[in-house]
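Order as written gives the chain letters A, B, C, D and E; numbering starts at 1 within each chain.
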Amino acid sequence: PMTVRADEAPTLTVFGAASLTDALDAAVAAYRDDHPGTVRLVFESSSTLARQIEQGAPADLYLSANPRWMDYVAERGLIDTESRRQLLANSLALIAPADREADSGAADDDILGDGDRLLAALGGDGRLAMGDPDHVPAGIYGRQALTSLGYWAAIEPRVARAANVRAALALVARGETPLGIVYATDAAAEDGVRTVAAFPASSHPPILYPAAITAHAAADPARAEATRRLLDFLAGDEATAIFARFGFSQPKDAAGS
Amino acid sequence: MSDAVRPTPVEIPMPLEIDVEKRLGPRFALSVRFEAPGGVTALFGRSGAGKSSLVEMIAGLMRPDRGRIAVGGRPLFDSRAGIDLPPEKRRVGYVFQDARLFPHMTVRRNLLYGQWAGGRRQGAMTLEAVCRLLDIETLLDRRPGALSGGETQRVAIGRALLSDPALLLMDEPLASLDAPRKAEILPFLERLVHETGLPVVYVSHAMEEVIRLADTMALIDDGALAAVGPVEALTGRIDLPLLTGQGEAGAVVGARVVAHDADYALTTLEIEGGGRLQVALLSLAPGTDLRVRLRARDITLSLAPPEAASTLNVLPATVREMARADGAFVHVLVDAGAPLWARVTRLSADRLALSPGKRVHAIVKAGAIDRASLGGRTSRVPGK
Amino acid sequence: MTDWLTPVEWEALGLSAKVAIWSVGLSLPLAVATAYLLTRVDFPGRSVVNGLIHLPLVLPPVVTGYLLLILFGTKGPIGGWLEDTFGIVLAFRWTGAVLAAALMGFPLMVRAIRLSLEGIDPRMESAARTLGAGRAVVFLTISLPQLMPGIIAGAILSFAKGVGEFGATITFVSNIPGETRTLSIAIYSFLQTPTGDAAAIRLTVIAVVLSMAALIASELLARRASRRVKGMEP
Amino acid sequence: MTDWLTPVEWEALGLSAKVAIWSVGLSLPLAVATAYLLTRVDFPGRSVVNGLIHLPLVLPPVVTGYLLLILFGTKGPIGGWLEDTFGIVLAFRWTGAVLAAALMGFPLMVRAIRLSLEGIDPRMESAARTLGAGRAVVFLTISLPQLMPGIIAGAILSFAKGVGEFGATITFVSNIPGETRTLSIAIYSFLQTPTGDAAAIRLTVIAVVLSMAALIASELLARRASRRVKGMEP
Amino acid sequence: MSDAVRPTPVEIPMPLEIDVEKRLGPRFALSVRFEAPGGVTALFGRSGAGKSSLVEMIAGLMRPDRGRIAVGGRPLFDSRAGIDLPPEKRRVGYVFQDARLFPHMTVRRNLLYGQWAGGRRQGAMTLEAVCRLLDIETLLDRRPGALSGGETQRVAIGRALLSDPALLLMDEPLASLDAPRKAEILPFLERLVHETGLPVVYVSHAMEEVIRLADTMALIDDGALAAVGPVEALTGRIDLPLLTGQGEAGAVVGARVVAHDADYALTTLEIEGGGRLQVALLSLAPGTDLRVRLRARDITLSLAPPEAASTLNVLPATVREMARADGAFVHVLVDAGAPLWARVTRLSADRLALSPGKRVHAIVKAGAIDRASLGGRTSRVPGK
């Protein structure tokens, strides 16, 4: 499919959720190696990107960190619903500052099994850092997980709601909170934290990153074609391997477990 | 008074009409109405009388509650006709009581502001001439911030002069200048005014300046007009001590240059009625008309003409009127051809048995008539 | 020479400078006019205008960004009109970043100029008018020069804000490399990625250096202007 | 009477007002002192101080928030010291929001006060000194009253900024309902959810009303102060 | 001059030492050194001479490059000793040339600032007394913005007076006041100064004020001291036209009140040397010493005593010296017991054949000696 000449290839703009930044950078770098044309990557919170697409942003491909914002644009006819697919999956981790030993040796493995243990690990006035459960996707998943584990109500007053998952990560890395809930991908990338426990996949809905071609791209056959090639690449094996390096898993794995 | 000595109103080109009312504060209201035949109109009055406010209204910086202001028949403000020219259209040159130099410009820029930003023509005077007159050449490149009080005032005068005004408003322009400087600037103003016929409104507390420059004098007292008229008439009125404190009252008489005596550096003047006075040499051509102020306190009355005394000016006269001035003194109006006031002690008046009708000699020292008492008056340029 | 920055960093630096300078340059005359209106003219709705100007300060920048997006987006009423009439597109362009930065800095600028304007001695202005200068000329020759300290202060505040602005900008024009990815947005982006801290720190230093340079220049200008306004020898 | 707002909204409103008022109140004296130092005293490192003050304007608020976290967090050098010495905790408390708001508004306040300070006629101050008043008394009785327009302008800018601030605040003290969840943070949160628009708009209106009230009050004060400074009858 | 007429330096409590150097601009430097024996020291000189700068240095508002300033032996500034008292420690009452009222305070607050903020005591004067003197009661609750020029100046004077100064610095304090107002304030200042012994530095361009108030006069010309000395000595020097323009020169002589004539409202003075003068009634007790200024232009010389003339004061005298004044006039120094200057025309001098040694009569009109020529001098409070 190398029929398109470089100078004819449209410049593609990818709107990606901020949490995908590093992984998508690497994947698209690989794509560029053997595909013509330019790909611009724009990272922001899924909500902002969705609203910008609504206002006519020249995005060709939208990668949301959250199905709800994909639904939002879908309802408004801003994407080619045919092209929508679950691209990636992620999982949640309970983290602690790397330099701090858990307060009681017993805690680690089944700390998630018992709300009192978790509270004990927070100490007298420590907080649990997580994305704002009202709107930050990681926070929403975190709340769902703690709810299904049965002690959200006990923990809620102790939550430090961060503006995004990176801020929650920073709170833990700085030792401001003894514990935090972030994506596994974030926990893996930050040296300042260590994973205390992984949330069971069953404790929360699958963490999926849907992707879709926008109506803007779909309206122009050449652009639609090029975008589809990019999306196919991102769903392909080479990209999957790259995403895996950053801690992302495939939706079928997440769904299957 | 002969027409040669006082120009008739017909010759005066720019009559000034003032009729304003303005409430300034809860306690102070201004209500002044007069007409002046042009030339220099002095506003005289105590501190807080309303002089500066009146000048601001003429300049268009304060709006009267009602009334009319016109110069040479051209209305600047007329509440009934709905006329209110903005200040920049009034073509006044305003020397403010508080200078108001532009702090961010050099002195030169300040001086030329009227021409540079105000679109005024070069006018009668060049920058060089004004600088020389006011001795401000060395200040041209400085900024106003560190000028001395008198320097500031001189620059303010220069700025107004260089804006080619059709009416000059001067609010105590010489107040903080030294006597020699005043002695330089006054004759210049005098010449300017009399050569160009430029009408001037002049506020001053200094009687000499008023005598010297003004044709008309308006006395403002607590926001109202107390008196108005030719300077000669007003300064002769000894019922207006407000004017002058005391000791400054006197008569102003018209005079004409008759002859010069170069050897003794004396000029002979003929005053109204034919009397002659010798004064220090004047650089005025014979035939020139001028105004001489003879202060009551400088005139001695004698029954016999003095002998072997250092006084040159003796005028035969007749006592007309005796007016009590204050405790020790009596003002005596004598007719020496022209009416003159003499201020003598009551003791002397009794000794000399002065009473109306009595023939006396009025003795005036030549030295008592100095430049400050001479109001220059050359033939005016009519029209303009 | 150019080695200490990567091309991407150079790009962000240049873009930030461009956006900040344009936003200051374009909003300055408007800010002066607005300040003049608010200080000197008693028109109805004055406090509404005053309030509107302060809005960008009061609202979370994201809200301002959304409002911009809704009004000036290609589908927005003003954005659409601008595009149809003048062919000017703001959304997702650096020009939009200029608009966002200008808007966010506007209250700061207007306030500073108003402060200077209120300090101007009206007696100087009336003196100028007696010398023949009309309102406009008086404004240009008397008021404006005396406004310089306020204008400089307003400009530097607005410039700094322009460099630092990202909430409204990223919401309005997104984060498009080479087009709208200013230093601030780049810093923010780097902070959002697990490995971005070092780069974020580098860019922060650059932003600080850029603003300090502008700041020092403005201080010198301001000092001179203030000496002039006080009538001191230069 | 209280029906038009939900308890949660009342809480956010009250918190915003509290944070903004405290931040203005606490930073004002410091801002006056800083402005005085920068304008009148020629000390070494003046431009460094000046630069530091402007940093919160130049940096993306998130960066400022991180810096606050690093310095004033319970584990940070200053935060730890404050806690050990005075028992003052800033992290995750409304007091931290006050610090963030004060810091973000500080350059605006200092600039406004400096502008007023530069406009003060030093001749008045010297006249006061010949009448027996020492430097401090002269400052309090002559300079400070003449600074009022600048102080009011600075305070209102800082107040507005305090209401609008969220980037540094949310990063530093996070979003804890009833403690640090100010109006701005609440608005931001609502905007992040697809269904939150209506609530965001409500809160935005509240923020605007709050700030407008402050603005109008300040305008009246400022006008009176400016008349006084000019020596006009009240 | 007898000690009774001029107090000896011993009696004068607060000598003033000035010795300063200061470069002000590229073109102007000030370098003045003199001592004055206390009392009122007048600084006289042309605009831009450096008077205000000198006063600012005394007040501590401008720092001399080097030098020493001391009052009553107390150094305010001494570059060698490293003394530089801050302005608030110098206890001066400074009436600025440009008023400098505090715009944000009412007039009352302005007046009381020294007591309220400056920690000064109530001092010799109450607010009421000062308000009455300066006629500013009605202004108390106003703000300075809309005061008239003269009102502003009066408030500034009041403010300085009410700050209980140990040294009064007045920079043209009466410049924009009307004559009657001056006539009210001057005697008050006179009394204040002479009753309290408060040293005053007084800048003025008005010779009358200087004559009236000053004991010592320092003539500043272009930043340097041109002359310094007792007022009597300096005003008698006709080589200093700088002083006065012209026509103001004259002699100041010590005198003592001898008798009053209530009927004619006259007071008889005995001047140094025993000559007697009759002047308008003075409210001074017999025996009081004072200073009379006899202007050269007011004195007539005659060979024979005048007969039947309205002059009361005739002093036999001897011509001592003839000094050419200007073109028309010659100044003649005569000895009438006290030295007097007369200004006569050269023509008269020739006619009278005036030359040193010639016996003449000096004729002084009672009316020519008005209050403005009388410097009051009562017995001083020594020490303080």
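Here, contacts are C-beta pairs under 8 Å (C-beta built on N, C-alpha and C of every residue); 3 or more make two chains touch, one makes a residue touch a chain.
These are the chains along with the protein names UniProt gives them: C, D = Molybdenum transport system permease.
The model shown is predicted, which means the values in this text are computed figures rather than measured ones.
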- Item | Co-neighbours of chain E and chain D - touch as defined | none
- Item | Shortest chain-hopping distance from chain A out to chain D | 1
- Message: Measuring between Cα centroids, what's the chain most distant from chain E?
- Response: A
- Query: Which whole number of Å gives the spacing of the CA centres of chain C and chain D?
  - Reply: 20
- Message: Distance between chain B and chain E based on Cα centroids, please, to the nearest Å.
- Response: 27
- Centre-to-centre distance between chain B and chain A (centres being mean Cα positions), rounded to whole Å: 92
- Taking each chain's centre as the mean position of its Cα atoms, how many Å separate chain A from chain C? 35
- Task: Send over the residues of chain A in touch with two or more other chains.
- Result: none
- Note on the structure: Multi-partner residues in chain B (2 or more other chains touched) are 25, 98, 142, 146
- Which parts of chain D, given as residue numbers and ranges, touch two or more other chains? 66, 188, 191, 233
- Sort out which chains touch which and give me every pair. A-C, A-D, B-C, B-E, C-D, D-E
- Would you mind writing out the residues of chain D in touch with chain E in their complex? 123-124, 126-135, 137-138, 141-142, 145-146, 228-234
- Item | Complex contacts: residues of chain D adjacent to chain A | 66, 69-70, 73-76, 91-92, 170-171, 174-176, 188-194, 196
- Item | Residues on chain E engaged by chain B in the complex (per definition of touch) | 24-25, 27, 45-48, 51-53, 97-98, 138, 142, 146, 148-151, 153-154, 171-172, 175-183, 205, 207, 241-242, 244-248, 261, 264-266, 278-281, 296-298, 300-304, 306-312, 326-329, 342-350, 352, 354, 363, 365-368, 370, 372
- Per the touch rule, the chain B residues reaching chain C in their complex are 59-61, 86-88, 90-94, 96, 98, 100-104, 113-114, 117-120, 142-146, 159, 163
- Item | Of chain A, residues touching chain C in the complex | 13, 15, 18-19, 21-22, 40-44, 48-49, 51-52, 55-58, 164, 166, 169, 185-186, 188-190
